[in-house]
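Accompanying notes for the structure given below.
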Amino acid sequence: MSSSAVHSLWTTAAEGKLDKIPAPHIEYAQLAPTLIVVGAAIVGILVEAFVPRRSRYYVQVFLSVVALAAAFAAVVGLAAGGYGTTKAHIAAMGAIAVDGPALFLQGTILLASIVAVFTFAERRLDPVAHGNKVDSFAAQAASVPGSDSEKAAVKAGFTTTEVFPLALFAISGMLVFPSANDLLTLFVALEVFSLPLYLLCALARRKRLMSQEAAVKYFLLGAFSSAFLLFGIALLYGYAGSVSYATIADVVSGSVQNVNPALAGTMGNDALLLIGGAMILMGLLFKVGAVPFHMWTPDVYQGAPTPVTGFMAAATKVAAFGALLRLLYVVLPGMSWDWRPVMWGVAIITMLGGAVVAITQTDIKRLLAYSSIAHAGFILAGVIATNADGISSVLFYLGAYSFVTIGAFAVVTLVRDAGGEATHLSKWAGLGRRSPLVAAVFAVFLLAFAGIPLTSGFSGKFAVFKAAAEGGAGALVVVGVVSSAVAAFFYIRVIVLMFFSEPKADGPTVAVPSPLTMTAIGVGVAVTLVLGVAPQYFLDLAHSAGVFVR
Amino acid sequence: MSFPLLTATAALPALGAIATAAVPAARRTAAKWLALLVSVATLALAAIQLVRFEPGGDRYQLTESHAWIKDFGVRYELGVDGIGVALIGLTALLIPFIIAAGWHDADPLETNSSRWRPTQGFFALILAVEAMVVLSFEATDVFLFYILFEAMLIPMYFLIGGFGDRAHAQGDEAAATQRSYAAVKFLLYNLVGGLIMLAAVIGLYVVAGSFSLSEIAAARASGSLHMATNTERLLFLGFFFAFAVKAPLWPLHTWLPNAMGEATAPVAVLITAVVDKVGTFAMLRFCLQLFPEASKWATPVIVVLAVISIIYGALLAVGQRDIKRLVAYASISHFGFIIMGIFAMTSQGQSGATLYMINHGISTAALMLVAGFLISRRGSRLISDYGGVQKVAPVLAGTFLIGGLATLSLPGLAPFVSEFLVLVGTFSRYPVAGVIATLGIVLAALYVLVLYQRTMTGPVKAEVQGMPDLKVRELLVVAPLIALLIFLGVYPKPLTDIVNPAVRQTMSDVQKKDPNPVVEAAK
Amino acid sequence: MNPVNYLYLAALLFTIGAAGVLIRRNAIVVFMCVELMLNACNLAFVCFSRLHGNLDGQVIAFFTMVVAAAEVVVGLAIIVSLFRSRHSASVDDASLMKL
Amino acid sequence: MDNLIALLIAAPLLGAAVLLCGGRRLDGIGHWLGTLLAGASFVLGAVLFVDMLDRSAGHRTVTKHLFSWVPVEGFQADVGFQLDQLSMTFVLLITGVGTLIHIYSIGYMEHDENRRRFFGYLNLFLAAMLLLVLADNYLLLYVGWEGVGLASYLLIGFWQHKPSAATAAKKAFLVNRVGDMGLSIAIMVMFTTFGSFTFPAVLGGADGASSGRNTAIGLMLLLAACGKSAQVPLQSWLGDAMEGPTPVSALIHAATMVTAGVYLITRSGAVFNAVPDVQTVVVIVGGVTLLFGAIVGCAKDDIKKALAGSTMSQIGYMILATGLGPIGYAFAIMHLVTHGFFKAGLFLGAGSVMHGMNDEVDMRKYGGLRKYMPVTFVTFGLGYLAIIGFPGLSGFFSKDKIIEAAFAKGGTEGWILGAVTLLGAAITAYYMTRVMILTFFGEERWKHAKTPSPDQPSVEPAAETHGAHDEPHPHESPKSMTIPMIVLAFGSVFAGGIFGIGDRFVKWLEPITSFSHGDSPVGQWTVTAATIVCLLVGVGLAIAQYGRGPVPVVAPRGSLLTRAARRDLLQDDFNHVVLVRGGEHLTRSLVYLDHSLVDGVVNGTAASVGGLSGRLRKLQNGFARSYAVSMFGGAVVIIAATLLMRAV
């Protein structure tokens, strides 16, 4: 539902012909992916309401996986139907763009989400409590940590199966986010996927205080940033008199002349444009986790339940970068001379800041958080390229990165001691001796993060740096190279810890996961290696998908 | 489509590595034999390459070319010139000896651990390194080469850090820390070099729009590709830096002594005799060929650095207390010779450098492996812990001496030929550098003979008493190397015949002519 | 009266809200400040809508209210749970995770 | 016929290979095999000699190209041989004396468990030395050059368990390496000058080359010669080289290897002739060493060291002669050959004495041995007469000629050189007489001297096999040792006459070295007379000092010069302080620098990045509001930046 649709309703009514209200024209088929997921989410809530507790888990998992798979099938169908390339157009009365980048990113998000849902559903890591299998989510979110009610809930074997519908809602938001074609949809989508994430962050089974703290921080800062975003939208609306990308783009590029002298104060007032644009950028950079809007990332990543962290780290980034790309390439290309220098600065401090601060981290989840910040910087370098390769390389990078991330966090869930996951690095000493396989897999992910050749990390990095260089951002490439060198140091530190240092006596044990997590990890490894060794097919895909519809 | 010999030569050890790693924990010996078998088979393939290679023929032979990553303009392009095929021969030749020499280096100390399989890992990693090194010698696509150049760091890193020298002065704890320090140092140095090269690689693509050596050369020839002077220089520096770290060239050398000191002797040989050669090889193939002008521009500086390496490395070798570190610094000195020969831009210099790569590989292998045997017997790397070994283990001492004499490039042994060629080649263009470098041969004599005197001669030390002489396995490892040293010293012609045409090509790449003699010889 | 003044008011409100977020400790208050910022946006929307003479801005204002309401639901839930486990709604107390 | 040349080298090389790789199972026959092959190559040499005599003087040079060694673009190094009169002379000397000393060693090394290895090394030396003199280009010569260095290293350090021996061996090799450096630089200059380094190319082109380049080549060759032939300033190794078994001292460090320098200069005559200045340098080096060695020889009480000094001095004569150019080459070589005979004989005699004296080397603990070992006495005596140039014996002819040539140099130079050589002759007579008296005449000091004295440990641990260390029972050595001594004695008596009378030798070498009579300011007979006077003076002095009255068993403190001479005129001390100490300091400081500076820079950067990280980390203080501040600040900055972008 978009504002312009409503607008048209109003105008027709004003002409007094109240007898017939023209229904807005919605291409349901082309919105199928989103609709399927939303529908599944709603059904999921009903399930919570009506299905008996013991079978909820299975129903929910089944439902969400099927829904996501179906949605992915729909995406593939659309892409096959040529909506990614030739038939790309704006659907839902200008609210949603159905084009290459949108479909590519939706596909990526959906696949990542399926894997993430697998990790959500993992129930073998924790020891069976009172005869009930337990997952990594709080038995009863409402009960106070350590209180009797919580104990009772655990005893009763409650599980927070709401996480699945919540996740589905978030996913639906993420699906819309990169394809939103007007600022309102953008904002709504942002909130739709943010709010459930805030909740998911608060639902950790262990270390609940940290989990709640993470949620609060994430929520407050998120709301804060979305307020900025919204104000930016307002200003842009004031500037262009519309929130639809196309119109704004036209006004920015000056192809639409100022018709009404009465609007001289606002229409085409560059101050509005610049400030508004900057504020929207800020809102998106927050989600991306770019310096200086990154500070929520480490805390939230650390506090949130690890499966959620993986999900956020992967899917949110994809969605946010999608939106960022569309905004910069569709709405604001006309003012690229204004935002490019700014983005340069942001990219540089993001790359360096993330890499440098990560060096001294002692918690594996925080470490990965900072590494994700550094990677955001690398992707930004590709975004700045402002050429076709820029788009495709970013798409490719996002695809490669998301799977590595989920895989890495999935491995983190396996390493456990009495207090749940053993995330402190010192606990990881000598892991390579205890369970070579897990350590080796994690090493593969780390090497991919570090961008060692023959891993997806390298292909992606090469792609974005190449695009950046071709886009005349050679300096960025150099900075990127330097910061990757710095980053390499802490990835290697972890490997050294795992393989070359003697295992501690009271070291953590490595839980043997169910096929669910195994799949998640397996997919991660597979994608890492395939995209590392033979990336051509996916590069082609990203290439053919690399055109925005206007 | 003929049999892809080059791919096979690299694929065989790669598969062998996987197979070896898959051998169950209990069957350690099986893994060892499998690895040895594979390496020997690889040697056979390499030999076939040498046979199939026609010195007079095209520049790159046995070529293969397949599309790989279109978007990056990357093709899977292989081909060998004389230098490449010779170095592949060296690699394939040394690996079996390395494996045989390291036969017991990775036997697990605690046998009960079932999942932890160091032995399999050790030999698998060695084979993996061989595969990557071989392929990097074959790659005629810059990107493909770069990928291997970087990727081979990882197995090397695990070999250094994971399988350290059991003979350590300050106990296991210190050993572990020092080992991982050495491994990390190795990786970071080379990774930084590689990343800087990555920037240059990307730059090259932006400039040339292709990674294929042949295409770039063609574009250059047709004039369609013209690099601005500064661009070319920057790119050259990016490439050269990475290679200089790998080679290693002063002052980027400090990772080598740590790595060679902490690693087991066979791995140390792998580092200095095989992996580092990729660096010098790449200087010849990529720096000179892609950036001839910039190479000429940088030559004076590089020659100076090389001379410093020669003298500096030798002097530090003299000052070492640790046998393996001594050999490491000696290698630094020798790499100085190689690099000097490459950038002297004379036929003699470059042929000499190429021969040097091979001879240095063999001679260091001989010396280092024997040193390894010695160390494993006494359990110490300190020179001062030895003395009078010659009395109790004459064969060991003898082989050690021969290895040493090769290191000081005694005439009649292979290294002499190459060293003299390098010196002559340099002298004819940079007399001063040539003369200073010649000082190196005196210093070489100094550190080798001091090492021999302190360890082998004099009254027999109590700890050395009853030290066993070389076992059959060990003798089988050393004897062929020594035989080869003598043969190549007396009759290097087969090698030079392969190398010369390639050198001629490189010389024409950089458009340099050898300086003519002042007086035409009275024929 | 010149509608542009409303814009200034909106900007003022927004700034106040932002300042509040920065200086107030109590999570609830911080949260209210965020709401204030959102409402400032609404004001801006409505005002622009008036200026431009199209209704998009007003429609958006409605959307914003809905979103704000949703935020309240989620936010309060989180804050309350935090309060119950800590017996304090101070944002600064919740600083287990740092560095 | 010319294929025999290769065989000439192959025979001893084969011996070396077999003996060194053969292992213990060859211990029984090792020494016989070695001797046999040495003899074989002597026979081959003789055959080739006869064959050469058949041809007329102009056509005696035989060349044999074996195979192309290092063929590289613009660089041709071949393995090829050139057998002419000069190299033939050496071949006969090397193989002849070599074979004799092989035979001698059979007896001398009888009790050594590693005799097989010893013979292996000896054969290796023969092969290398033959390669040196037979090579037809400088690079191949270089191979032989270092080959003999290696052999000498192995043989000096043959008793490796003795630190002193190991050190001496190392020293010898290092000092020689310095010389080798000269040779290799010389070859490089040749290559850049002539584009080749074959004898014909270099010697033929020398006249065409600029004097600068010839000077460079000449000086570098001289450096090489100094190293090999123990000439000042690279002479220090020869004295220590006496740590090796006596046969080694006789063969390598008296008769053959140390004379390689003379060969090199003679062979490169064309180059030296082209630059008189360099020749002057050569002459100076020769003259200085001549006196240096002689003085050192006077002071040593260790019989071998005394002889070593003498060797140095005699080679000084030869080098000086070569410095004189065509006047002197022939005589240099001639003296080289005669010296080969008598000096080898003297060393073998010394060895025989030590053999009989529980390997005591201190002459002050000898005395009156003529009764106990007559053969040794006679042969040694003849060698003695020969070296001091007693009229009629070989030393007389060769040395006398050199002195004449020195005068013949003409001008003040001629006078100076003549004086120096005469002085040298006198000193030679003095120290050799001293040796003679101390060893064979006077009272039998060893009777009441417990040997070996603790302050001077036995040099040759073969002693251990000679039973208890009580009072020695001097005895004559076995036949295997005496026979070679006798043969060499014959050589030292007659060789000179055979060569000298009627200038046979000069004519023989003329095609190679081109002979020219200088214009001597003084008549030939005057020189001869002067020489004889000098030698009488020398002998007289010696008798006056040692012949009358007892000789103290413990050496008196002696004059300043004596003490300096005992320490090789402090040259070693100089080396020690300047080179060894200095070098140690240099390397130590470099090791420190490498760690602290080169490595330190890298570690420093890493550390600083780490520190930065630690500081930035503090920003992440856990307070949501401060995060909000950073966001707000960021927003402000971005907005401001965007506006500024537009403003500018």
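For reference, chains read A, B, C and D in written order, and residue numbers begin at 1 within each chain.
Going forward, a contact is a pair of C-beta atoms (placed from the backbone, for glycine too) under 8 Å apart; a residue touches a chain by one contact, two chains touch by 3 or more.
Small disclaimer: the values here were computed from a predicted structure and weren't measured.
Ranked by how close its mean Cα position lies to the mean of all protein Cα atoms, the top chain is B. A comparison of the A-D and A-C interfaces places the larger number of contacting C-beta pairs at A-C. Each chain gets a centre from the mean of its Cα atoms; for chain A and chain D, those two points are 81 Å apart.
With centres taken as mean Cα positions, chain C sits 24 Å from chain A. Measuring from the averaged C-alpha position of chain B to that of chain C gives a distance of 65 Å.
Centre to centre, using the average C-alpha position, chain C and chain D are separated by 97 Å. Chain C has residues 18, 21, 30, 91, 94-98 in contact with two or more other chains.
Listed for chain A are residues 216-217, 220, 224, 228, 298-299, 489, each touching two or more other chains.
Residue positions 188 of chain B each touch two or more of the other chains.
Across the whole structure, chains are in contact as follows: A-B, A-C, A-D, B-D, C-D. On the side of chain A, the complex with chain C involves touching residues 3-4, 6-7, 10, 141-142, 144-146, 184, 187-188, 191, 195, 198-199, 202, 208-210, 212-217, 219-220, 223-224, 227-228, 230-231, 233-235, 237-238, 241-243, 260, 263, 265-267, 298-299, 302-303, 366. Residue ranges on chain D touching chain C, taken from their complex, read 617-618, 620-625, 628-629, 632.
Contacts from chain D toward chain A in the complex involve residues 606, 609-610, 612-614, 616-617, 619-620, 622, 624, 626-628, 630-631, 633-635, 637-639, 641-643, 645-646. The part of chain C that touches chain A in the complex is made up of residues 4, 7, 10, 14, 17-18, 21, 27, 30-31, 34, 37-38, 40-41, 44-45, 47-49, 51-57, 59-60, 63-64, 67, 70-71, 74-75, 77-79, 81-82, 84-86, 91, 94-98. Chain B meets chain A in the complex at residues 67-72, 113, 115-117, 146-148, 150-151, 153-154, 158, 161-162, 176, 179-180, 183-184, 187-188, 191-192, 195-196, 198-199, 202-203, 205-206.
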